[in-house]
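Before anything else, here is the set of structures, which you'll find just below.
One chain, chain A, appears in both complexes that follow, with chain B as partner in the first and chain C in the second.
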Partner chain A sequence: MFRKSMISALSVAAITLGGVGSASASDCTVKLGAILPVSGPMGQVGERISATGQFAVDQFNEAGGVKGCDVKYVLRDTQGQSTIGVDAAKSLVDIEGVQALIGAVSSGVSLPVLTSVSVPSKITQVSCCSSSESFTALAKEGKTDGYWFRTYSTNRSQAAMGALLTANSGFKKTAVIYVNTDFGVGLAKRYAADIVKLGGSISSMVAYNESQQSYRAEVTTALQGDPDSLFLVAFPVDGSTLTREWLALGGTGNLIVNNSLRSSDYFEAVGSKHLQKLQGYDSAQPRIPSVANFNEMFEERFDGPPNGPGLHSVYDAVTVVLLAMEASDEITGENIRDNIRIVTAADGEEVYPGPEGIKRAKELLAAGKSIRYVGATGGLQFDQNGDVQAPKMTWKLVGDENVETGYFTTEEIADLIKKLDD
Partner chain B sequence: MFLQHVADGLLSGAVIGLGAIGLSFTMKILRFANFSHSELLTWGAYFGLIFFTIAASLGNVFDAPIGPLSFGWGMFVALIFSAVATSALALLLHKLVFEKLNRVAGHMTMVFASFGVALLLRHMVLLIFGPNPIYYSNELQFAVLLPGNVRVLPDQVFLLGLTIIVVFGLHLFMTRSRTGIAMRGVSENPDLSRVAGVNVSSIINWVWIIGASLASVAGVLYGLTVQLRPELGFGLILPLFAAAILGGAGSLYGAVIGGLIVGLSENLSVMIIPTTYKPAVPFLLILAILYFRPEGLFGERK
Partner chain C sequence: MIGLISYLIFFLILALSFGIAVLGLNLQWGYTGLFNAGVAGFIAIGGYTMAILTGPSRDAVLGGFEMPFVVGLIGAMIASGIGAYIVGLATLRLKGEYLAVATFGIAVSIQLVCLNWEYLTGGTLGLIGIPNPSKDLATGPLAQNAVYLGIVIVIGGIAFWALERIVKSPWGRMLKAIREDEGAAASLGKSPVRVRLESFILGCMLMGLAGALLTAFIGYISPSDFLPIVTFQIWTMLIVGGSANNRGALLGAVLVWGVWTSSGFVISKFIPAEIQAQGGALQAILIGLILVVTLLMRPRGLIGEEKHVSRHASL
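The block that comes next holds the complex of A and B.
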């Protein structure tokens, strides 16, 4: 009761003071562009990511929107293809006039969008999911002008986790099948280097092209040399085809898979009973209240837990951008870029996800204070290249259940990488 | 591993060969490159899914797997009904699009129309069945080990056997039946055949029926051994054309052998080149055959 009257009192105050209405009363809109693969080989993953992005926008609107204006989430499908992604981004920037882009999922799409749309048009781009190390290299060369951010940790830690899982399981001879994209090639190469340092070896490295009808030739090639395990870097649709053919042709059930395959679509298509020896890793969220809070809100909205790649990170990508817009005098790509640092300032006052948290964040920003958004992925700390570090978890299947088997803090991951890079 | 690649190549080549027969016939008899032919494989596979589901729901012998195979007798019901349904679809397309255009438009118009038809057919599958892969049976079938360390699925052995039977049956039809002989006549010279009293338009209907039926069998077999996807046919379009051109337009055995060559060379290529370049192999075959023997291996020199 008290809270309710507080809110109405505040909004009345807001209307009388600045003439800015609450969300429902606003007739202005602020657009946020999103380029995500809602169809194509990553459609199953992309659809959930997109819905979670919309959820973040809805919560921001519930808290009164950006500067009193409703935020409109303008989604364009990339189909997982770079040319379509670039066209989509161009149309969002040129026609819709968005100043910030969320996306894309694949590094192979995010990269051309960044270099040919975002940087030249001075648009801030925040990806939920692209983990290629090419972005870090590009940022170091000064070619991103700081417009690139991601709420997802890089390939480096994924390769290290895959290698650690393989070595800890005692596998000695591993075949690697990987998707022939910037992401897959980068990850597979790192993994191959890492596993040798942890005492394992590689029996074969086989790249595959996406959306092929059958992968028999690839699987047969990978089966050469009798590997005792398979490291599979794939997305659910092609990943199911590959795994089915791998198992059918007598491949081992000792699978180590990348995080994109932590998807019920994949488990169902292959059959959980064949995947009982499968292990995987994924980004984890720190065990802190803001994360639990997000998980609760997510469950309430979607009737299920936020299990799956990119869900936590897309929520934070959207929220950080909207907070940065709120902190800007004028909503331009350049201001958003600079203010992302203000809303994730290490010494800022902590704010949390959800309408209440966002309201508080807006009050603090209005008072000219810097804030530190601690969100669905925990406390975001972008380094100068726009990268973040995140804890990791490992998982496996028990029956149909996806069970967590281990948890690694950001520091533990950093130590592991240091050991591998020496 | 060489033998395994040979086995994989023969198995994928058999499907390509079956699909290419219809394409080869339309190219020769109807005289245009039908880019929508590969979509008939997709439709055949999905029709098969519908009839297989219905037949399997009858239970008993229709549902219970036959020996080591992953399916029951319902699959044969599905194969037959799917061939009928796909033929009906092909005849409908012929009546609505190709027959009308053939009277007024040139070959290029026909080719582009077939592109349009292909897009329409593919997206209708997407609309009805959704984008995700579907399997006739969600059970995973494990390969059996043959001498020479070759692993094949029982379903694939069935595939190869059925392909041989179908091709042999078609051979008998083309050489023994009046319709088959008339069809060969029309492919040689439609005007002369007409003068000789052959009903050309009914022969053309037969071409569509045979092409569509074989496409549907190929589609179902492909769905059985790999999976069903709306892009099933689209992904096979290049191998199909490669096989038809390689064998020579209008040649039954040419198409089959062309299919086997495409399948074998795709699978054997990965022993020399990286797997990522595998999809380029049919392109290279088309280029090579057009350069050295444009009429195809079994085609006649003009």
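The block that comes next holds the complex of A and C.
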């Protein structure tokens, strides 16, 4: 039984491999690998991210694909486990022959994939969602060889936004409850340092571990010291458990939440009527027509607005990689890496998401011009470590409606961070 | 073709590294009857020891020893052995399901310690930049991985050979005697508690060794690598391959890891793109189904237990 399934898997692999060779001659396809957690603890988030990645590929194909070839989006599930993710990435690279990888979501999967697959095999890896500062550290040591990019802004700017929102609301004593992952710990620590500089203070810092039935103990600890506000760093499922218990035990309704909680799952699970004093921040969709355009296209395809973590950023990750492929003479990981800089050049001509924008971009690239892709998350500017700085927005709930309350440009964020770091 | 070979080498490195942990579990469960549900914890101890001993210096985290790979391997075995000694003293008077619950709890605790003791483990950020010895021995990813596979095969081979010798020795037969009838073994003057402790420590040292090999290969370690699912995977490998048989343990490791990973490949190949996102659930169903079918068709695993008698005995 096992032998049989192994043999059939291997023969499938062999057939595919044969297929790649012949495909390039006749009907051409270009493969883009995606390693995302579509099952396991991050499954809910991962499914939507993956569907949005597919959407970006479909739009690119509508505009004629890469160099006239159809792009095939090859998805592999990481199950949220690093060994599975590493294996999936390796099989995409070796057997499917992909030259670029999208993913993963959690840093604990993206990092081993980067160090054991992408860098040694010279494959460009672009993550939509990994926020850990370890990537920046690795890039500074020169260990990524430039193959690492992310379209999701790092913890640094998120912490600054959370702190700014807290200080501007006049809160003086804030409790912090954060998810005990690299994302949560990094963000909460930065936030604690930032809020003090903006004149606030921390009453308690409480980490919680994911997927528990109840967080009564954590909430009780956080309630000590009589905080006037709560900064909550969580994901929708655990976040709603925490918020319900926080409110039930008498916690203040003055909530500041991270961008992952800007999700209808969360609002519905807690009940919007209990969240009328909630505020949050997120990567902004800049006020340029093209972005509204993206949101419209998204709504048309999915019958709902693109609310949720990673959706805008995965769209941009996919589009940037495909544009870089288009700009390459030969599609190799190395060329994609170099050309990502060309398609996001600061002095390039601006192009926007959607089939029309992509067509325009392809014309400009064909004419040998550099372009500046201004995408679903705004103008993408990768620094030398592959990190991106994005504009931010703040939001709150009015009734069931998610309303934008403020907008911060990339420059404003950079100034804020500079002020906080001094 | 190169791509397929390159992937198979990569696959075997992971599968055989897991195989070494399965060999350790086989000594404990297959030969001694110890239900160790804390495998992930001992793999973690080995992995972190390797990362700390061989890794570069880090801000605010213990490290900077930059010791050779071999020292990392030996250190990992010693550390997991010490961990097993402490755990064993506390729990080995328990049996069966009680031992399972206790060791499971310990593995979860070890994972939480890794998550929270930032000075030692880097906390949730994990430890980066762990050197892979094959990078100095060869150039190009394919050759490097081939060298690393060679290292894993040699180390796994030594472990296999040693275990085969051990289980055929008088000590090995004593393990089985204790597994089958503790009272009878004790009446012959054997000390079940002591022997169980020895077997437990030796098995955990192999798990630590597996963790060290995996960590040096991947170059990164974080607490999310040691969730209870890892214990479940190692157990599945042993049960499918056949417990109380070292060949079965290695075979199970390769086959189960193969099914686990190739099911993802098959799904990405044959499920239409629109419902790919639901493929994860299918994969879980597929793996579960294969497990259940194996247990129904071959309850003793693919290769069952071999009979061992002393070579001095005449049958």
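Observations on the structure shown:
Throughout what follows, the second predicted complex is superposed on the first by the 389 of 422 C-alpha atoms of A that agree within 3 Å, B and C clash if a C-alpha of one lies under 4 Å from a C-alpha of the other, contacts with A are read in each partner's own complex, and residues count from 1 in each chain.
Note that contacts are C-beta pairs under 8 Å (C-beta built on N, C-alpha and C of every residue); 3 or more make two chains touch, one makes a residue touch a chain.
Since this is a predicted model, take the numbers as computed values, not measurements.
Once the two complexes are laid over each other on the shared chain, residue contacts for A:133 go to chain C alone; chain B is not touched.
Of the two partner chains placed by the overlay, only chain C lies in contact with A:141; chain B stays clear of it. Of the two partner chains, neither chain B nor chain C is touched by A:328. Using the contact criterion defined above for the overlaid structures, shared-chain residue A:209 touches chain B and also reaches chain C. Look at A:385: by the touch rule set out above, it reaches neither chain B nor chain C.
Within the superposed three-chain arrangement, the count of touched residues of chain A is higher for C, of the candidates chain B and chain C. In the superposition on chain A, A:43 contacts both chain B and chain C.
When the shared chain is aligned, chain C comes close enough to touch A:54, but chain B does not.
In the superposition on chain A, A:254 makes contact with neither chain B nor chain C. Residue contacts after overlaying the shared chain place A:77 against chain C, while chain B stays out of touching range. Contacts of chain A with chain B, set against its contacts with chain C after fitting on chain A, overlap at residues 39-40, 43, 180, 207, 209. Residues of chain A touching chain B in their complex: 39-40, 43-44, 180, 206-209, 211-214, 216-218, 220-221, 223-224, 237, 240-241, 244, 247-250, 265, 268-271, 274. On the side of chain A, the complex with chain C involves touching residues 1-3, 5-6, 9, 12-14, 16-17, 37-40, 43, 46-48, 50-51, 54, 73-77, 79-84, 86-88, 90-91, 93-95, 97, 106-109, 111-112, 115-116, 120-121, 132-134, 137-138, 141, 143, 180-186, 207, 209.
Contacts from chain B toward chain A in the complex involve residues 1, 4-5, 8, 11-12, 131-133, 135, 138-143, 145, 151, 153, 222, 226-227, 229, 231-232, 235-236, 266-267, 269-271, 274-276, 278-279. The touching residues of chain C, when paired with chain A in their complex, are 1, 3-4, 6-7, 10-11, 14, 112, 115-116, 123-126, 128-129, 141, 144, 214, 217-220, 222-225, 227, 229-230, 240, 255, 258-262, 264-269, 273-274, 276-281, 283-284, 290, 293-294, 297, 302.
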